[in-house]
Amino acid sequence: MFGVRIHGRGGQGVVTAAELLSLAAFEEGRHAQAFPSFGSERTGAPVVSFCRIAEREIRTREPVSQPDALVVQDPTLLHQVDVFGGLRPDGYVLINSTHGFDELGLGEWTRNFRHERLLTVPASDICRRHIGQMRPNAAMLGGLARLTGIVTLESVCSAIAERFPAGLAERNIAAARECAERVAAQLGASVGA
Amino acid sequence: MLEQLEGSVAVAHAVALCRPEVIPAYPISPQTHIVEGLSAMVKTGELAPCEFINVESEYAAMSVAIGASATGARTYTATASQGLLYMVEALYNASGLGLPIVMTIANRAIGAPINIWNDHSDSMSQRDSGWIQLYVESNQEAIDTHILAFRLAEELSLPVMVCMDGFILTHAYERVDVPSQEQVDRFLSPYEPRQVLDPSEPVTIGAMVGPEAFTEVKYLAHVKQAQALDLIPELARELDGVLGREQGGLVRGYRLQDAETVIVALGSVLGTIEDAIDQQREQGVKVGALGIKAFRPFPLQEVRDALAGAARVVVIEKALAVGIGGIVSQDIHIALGSSATPVHTVIAGLGGRPITSASLTRLIEGALAGELAELTFLDLNAELVERELQRTREKRRSGPHAENMLRDIGVVAAGPV
Amino acid sequence: MEKPFAITLEVDSSLANKTGAWRSERPLYVDRLPPCNDACPAGENIQRWLYEAEAGGYEAAWRALVEDNPLPAVMGRVCYHPCTTACNRAQLDEAVGINSVERFLGDAAIEHRWRLPAPAAASGKRVLIVGAGPSGLSAAYHLARLGHEVVIRDAGERPGGMMRFGIPTYRLPRDVLDAEIERILELGVTLESGCRVTDILKSMSEGAFDAAFLAVGAHIAKRAYIPAGEAAHVLDAISLLRGMEEGERPVLGRRVVVYGGGNTAMDAARTAKRLGASDAIVVYRRTRERMPAHDSDVQEALEEGVQMRWLSTVKHADSGTLLIERMELDEQGFPQPTGELEELEADSLVLALGQEADLSLLDGVPGLEVKDGVVQVAPNMMTGYPGIFAGGDMVPAERTVTVGVGHGKKAARHIDAWLRGAQGAPGPRHELVGFEQLNTWYFSDAPRTVVGQLELVRRQSTFEEVQLGLDESNALFEARRCMSCGNCFECDNCYGVCPDNAVIKLAAGERYAFDLDYCKGCGICARECPCGAIVMEPEPS
Amino acid sequence: MAERAIKFYQVGSHAVGNRLLDPALATVQSDAERSNTITKGHRACQGCGEALGARYALDAAMRATDGQLIAANATGCLEVFSTPYPESSWRLPWIHSLFANAPSVATGIAAALRVKGHDEVRVVGQGGDGGTADIGMACLSGMFERNDDVLYICYDNEAYMNTGVQRSGCTPPAARTMTTQAVGSEPGNVFGQGKNMALIAMAHEIPYVATATVAELRDIEAKVEHAMSLRGARYLHILVTCPLGWSCGSAETIRVARLAKETGLFPVFEAERGVVSAVSKIRRRTPVEEYLKLQGRYAHLFKPTRREDVLAHVQAIADRNIERFGLV
């Protein structure tokens, strides 16, 4: 079973992100469970959503406290909320930022984890270009798919296509693909290093 | 057809497949997505003929449902928490008049302090309202149980509450198999009322009954609800045939064979419990679970049989009867009757506190070690409450508990812990 | 359907609960005596015939009317209508114009030639009636209907008595009078006109009459001594009026003085005016308030230009002038001479000082008592001589047509009883219903219909009828103003206002009944009955 | 609405009927075959104005709908005295649910009929002043706001009579109840703003609002008939005398109700879509004292001493109504 936790703020589509991810898994014929950090989220408030993906029926209902992957849609949360809490040592992290971990002041922290699994993507810039708005939820899933391989990029894209109205879907898919490429590029570099 | 749906949306589809004719509704979290879904289907004409009525309160919602049902319309509504309490008077009236209304309860805590998260305080408070209460474990079970509920309600002419955990199920996206209209129609034929407001055959419904007959009326209500104990398994089997999956009737056992420790629970927490049990079993611990689906009427015999071999019973309750502790465990005691099997009450998951497999594992280990008290509050922050109690001992005006403790742990009321 | 126990109930299940047991008082329908009926000297059941008239059933109304009075067209004109004076409606807006409706019905009967009901089987008894005035005709009518053989002997050339010889045609057209008399005669009554009875006992024995009713009226003018010169032109009102009827045109001159204050004086003065007198002056000893003449008559006389000289007596009459003395009232209200004299020009003086009866036909009849010039009669109208009854102006009573008609009816009833050797027992008298016993809220606001009058010029120059009648529409309106005091008229109030549905509506004309199984005795029906026809009485224990 | 004044007939439009009336102009109540929707054997007090008003209104509605009528009744006197097991006085399909929810139950009935295509069957909701103006206000307002196809009738006897005469939101100033006793410096009910249900209903701009008194049968019937000719939310407020609670003679029921109107204390009018469309004029204007002195609940205004100040205050209320609604 693979657990993902997504951090963001109300209005950034954090819950939708988990839903999309579960949808992508479902399209691959697998079991998936997505749910928000239940609450009365208001725009701007710190929000968390969860997604579990497994090959068999998922019975547990508890929040994902030891995620296999973390998505941080809003870097300003890094020093407000314990976003990395419970992350597995071999876990993945994808942060929406134009800076690297060191520049984000996370250099120290990254030591206990596998470097090549900790990446940042400028999802906001990408979304602004493709979508014209700062809602990086779908886009970052492209990156997550590429980073973790838990679902294919194509599944993510078809989930987006299913969930969003045509025009908006296309632009998000474009953004997701670019995020995936950026991730792929960094992976290539780190492998090369 | 298999779909990846939010629980609320799945339930909305299931209810629509049952062809309700009148749906009065009032918004309250976490039930809103269900009625939003139904409202949309009525507006688009996907669900027709059906009257969706935006009422001004839950009290009105149940009252409109009473009028509609008494006039022979298949009637549905949904609510939760304070909303359920606000319609209490009408709940008793609906059951007293024998109106087969089906209502989803998106289980949620009751304030004060106000809390929108999940537990069973709301529906548990209405266990004596004369409504049949069915608790579901998953969104798939929620779908199937709603279909069963309409049939059950109309055969007995009694109202039915389908209780599903708020947020945990209502807001969870997962894979569900939504039946076809043809399947549902095969199981659920159009509503044939036992009595109806009809000018061609006028009757007076809702007479004032005095001491000379009130006891008899209540006795008959008891007998009538008890009939569900036979009918539910019957209908469940019939529905199995239609949907091709196993429903489970009044209760559902999990790895009860040779289980010495049996955990009793209602609703979605059973999934987490089952995972925990699997882990224990791998280590050879003889533990099993008993899920109670039909809480009203309470299946005394089935529970007694299921617990016959148990050395100890641990009842995990998502509600607290202040001043005594357990609610479900009281009924378990009655079921066990004279048997000496110890029953431990564990109050857990209040106001949305996650029930984790880690906590459950600790709980089971404690039980095996004989360290489990008769009444336990799972994951209670003992130090926190002790500090608060200390405060109240010291100062008369120590201020409100909730604010004090939140200050202690420095957490805002939203977001993850 | 399969209904839940106790909480669902059947229709009409409450009928098992007989709430009549709660009652401490019960309602009762009654018929009370309306003031109009009570006041009618002719004993008419006015409310009854108005009830028929309200529905537009004019013939039925007329038939109800002539049960008591065979002369409605006459009475509707000349009656001074005490019924209207007593009418409860006067306290609400204005009294019901009963006599104008009565006249309308009478005229309608004449117009449509409605016949009086046929007499009962012949009794074999013969009754002699002396006098064809209102009393005699009324008695004749009732006796005939009772099956007796009736012969009227009247001194006049034509029947009607004072109705013909005392009442001018402008108040009572003769064709109306004739028509109603004719209708009575058609019942088989024998009339012998110009036949004066001089010895009643002789006439009775010769004619083998079993009983007699005397109603000779009062046709002899009272004389008062007034010194007068030979040239003075003095005559009495009665002969003036009789003369008019007999086609004479007495020469009265330009200035006519009438001396007296009764209705006859008014008739004389108004007649004089019509005969061309420029001045018709009534001289009366007392004041208008004390004048015996009916106010309506005085009013009409004044309208027509008749002048009044109150508190005056005629001291001396001479050719062309009268000597008048002014009077004044003493504490007791009696006029006393003042000695102040004045002259009054007058071409003629008409004396209207009252009349008396000619009782000579009674000479030698034993047991009779005559006092103040009138014959005394027992309550059953019988004189001191068994079998001889008397009524009208010759017995002590107010001298009006209506009283006369009433005497005739009453006497007839008693004569009939006497002939059958029975006692004429009057029917039970209902309790009189007063205004306060009505609930007048329910009656529509409806002021009385004003009856038209002939225009003044013609009133002053011709003898055409002054009072015009009602037409059908306003007669109906007037009839419907009746509040039906004390008698149910089926307004459905009791049926409608009962909170316990305990009033049963019977067929039209059958009124209602109380369902005492359910009546709780709240009394709303009685309080809301417009006409006071429901009373609450204690529940019998 | 249809003008029902009768061309002059002895009692004209004022009495229940009249043997001379053209049947077309006769009232429902004068009909020997009237439906008696609430029938004999009910347990209302002697002279109960509510029992009377209910029969007036529902018989009219039954005729207007050709018997295709269903009623939802709030808790209260009417419900208790008409349906004690095992006896019901109702001759139409009738349901009692709760005190406060009659309007909502009626809405549910209407919805069910609509969805089943029974447009010919109509719905009446009814209750007393407590169930309508106080505890039931929210449900009623919701029913109005949604413009549900219901005629709601309030039988206003100006207090909680069923529970033994306690003050309600419709209890008039100075009136004595068991919770506004005739003692203290301001005996009886306090002078507040009052709760004018008809105006509150009008504020929802529903198709039809009308007031009436149990004293004017023809008026009630005309208004019910008109109401049933319309669709959507309609409100009829009928003043019904309570001889017990008002402590007047049981025979005075209609007289007292009539005086309530004739004094101007209870304006009788109609409104369409929130605008007053017709007013029933005062026929014989009467000082409020004539009305008050008939009722024991106002006895303290006359004994031991006349409270001229209070009488003047009540008269001022009547005068204001007369001026505001143009009642004369």
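Labels A, B, C and D are assigned to the chains in the order they are written; within every chain, residues are numbered from 1.
To be clear about the criterion, a residue touches a chain if its C-beta (ideal position, glycine included) is under 8 Å from a C-beta of that chain, and two chains touch if they have at least 3 such contacts.
Because the structure is a prediction, the values reported are computed rather than measured.
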Chains in contact with chain A and also with chain B, listed by label, are none
One chain's C-alpha mean falls closest to the whole-protein C-alpha mean, and that chain is D
Between B-C and B-D, which chain pair is linked by the larger number of C-beta contacts? B-D
Please compute the C-alpha centroid of chain B, do the same for chain C, then give the distance between them in whole Å. 93
Whole-angstrom distance, CA centroid of chain B to CA centroid of chain D, is 44
Rounded to the nearest Å, the gap between Cα centres of chain C and chain D is 50
Using mean C-alpha positions as chain centres, tell me how far chain A is from chain C in Å, no decimals. 115
Among the residues of chain D, pick out those that touch two or more other chains and give their numbers. 83, 85-86, 88, 90-91
Mind pulling the residue numbers of chain C that touch at least two other chains? 6-7, 9-11, 13
Can you list the residues of chain A that touch 2 or more other chains? none
Can the chain contact pattern be summarised as a line, a ring, a star, a complete graph, or none of these (other)? other
Which chains touch? The pairs are A-B, B-C, B-D, C-D
Residues of chain C that touch chain D when the two form their complex: 6-7, 9-19, 22, 54-55, 441-444, 446, 477, 480-484, 489-493, 495-502, 505, 508-509, 515, 517-518, 520-524, 526-528, 530, 536
So in the complex, which bits of chain C are touching chain B? 1-11, 13
Partner chain B, residues of chain A touching it in the complex: 18-19, 22-23, 26, 31-42, 45-48, 58-63, 65, 81
Which of the residues in chain B end up touching chain A in this complex? 4, 6, 29-30, 116-118, 138, 165-169, 171-175, 268-272, 274-275, 352, 354-357, 414-416
Over in the complex, which chain D residues touch chain B? Could you list them? 67-70, 72-73, 79-80, 83-86, 88, 90-98, 100-101, 104-117, 121, 138-139, 141-142, 145-146
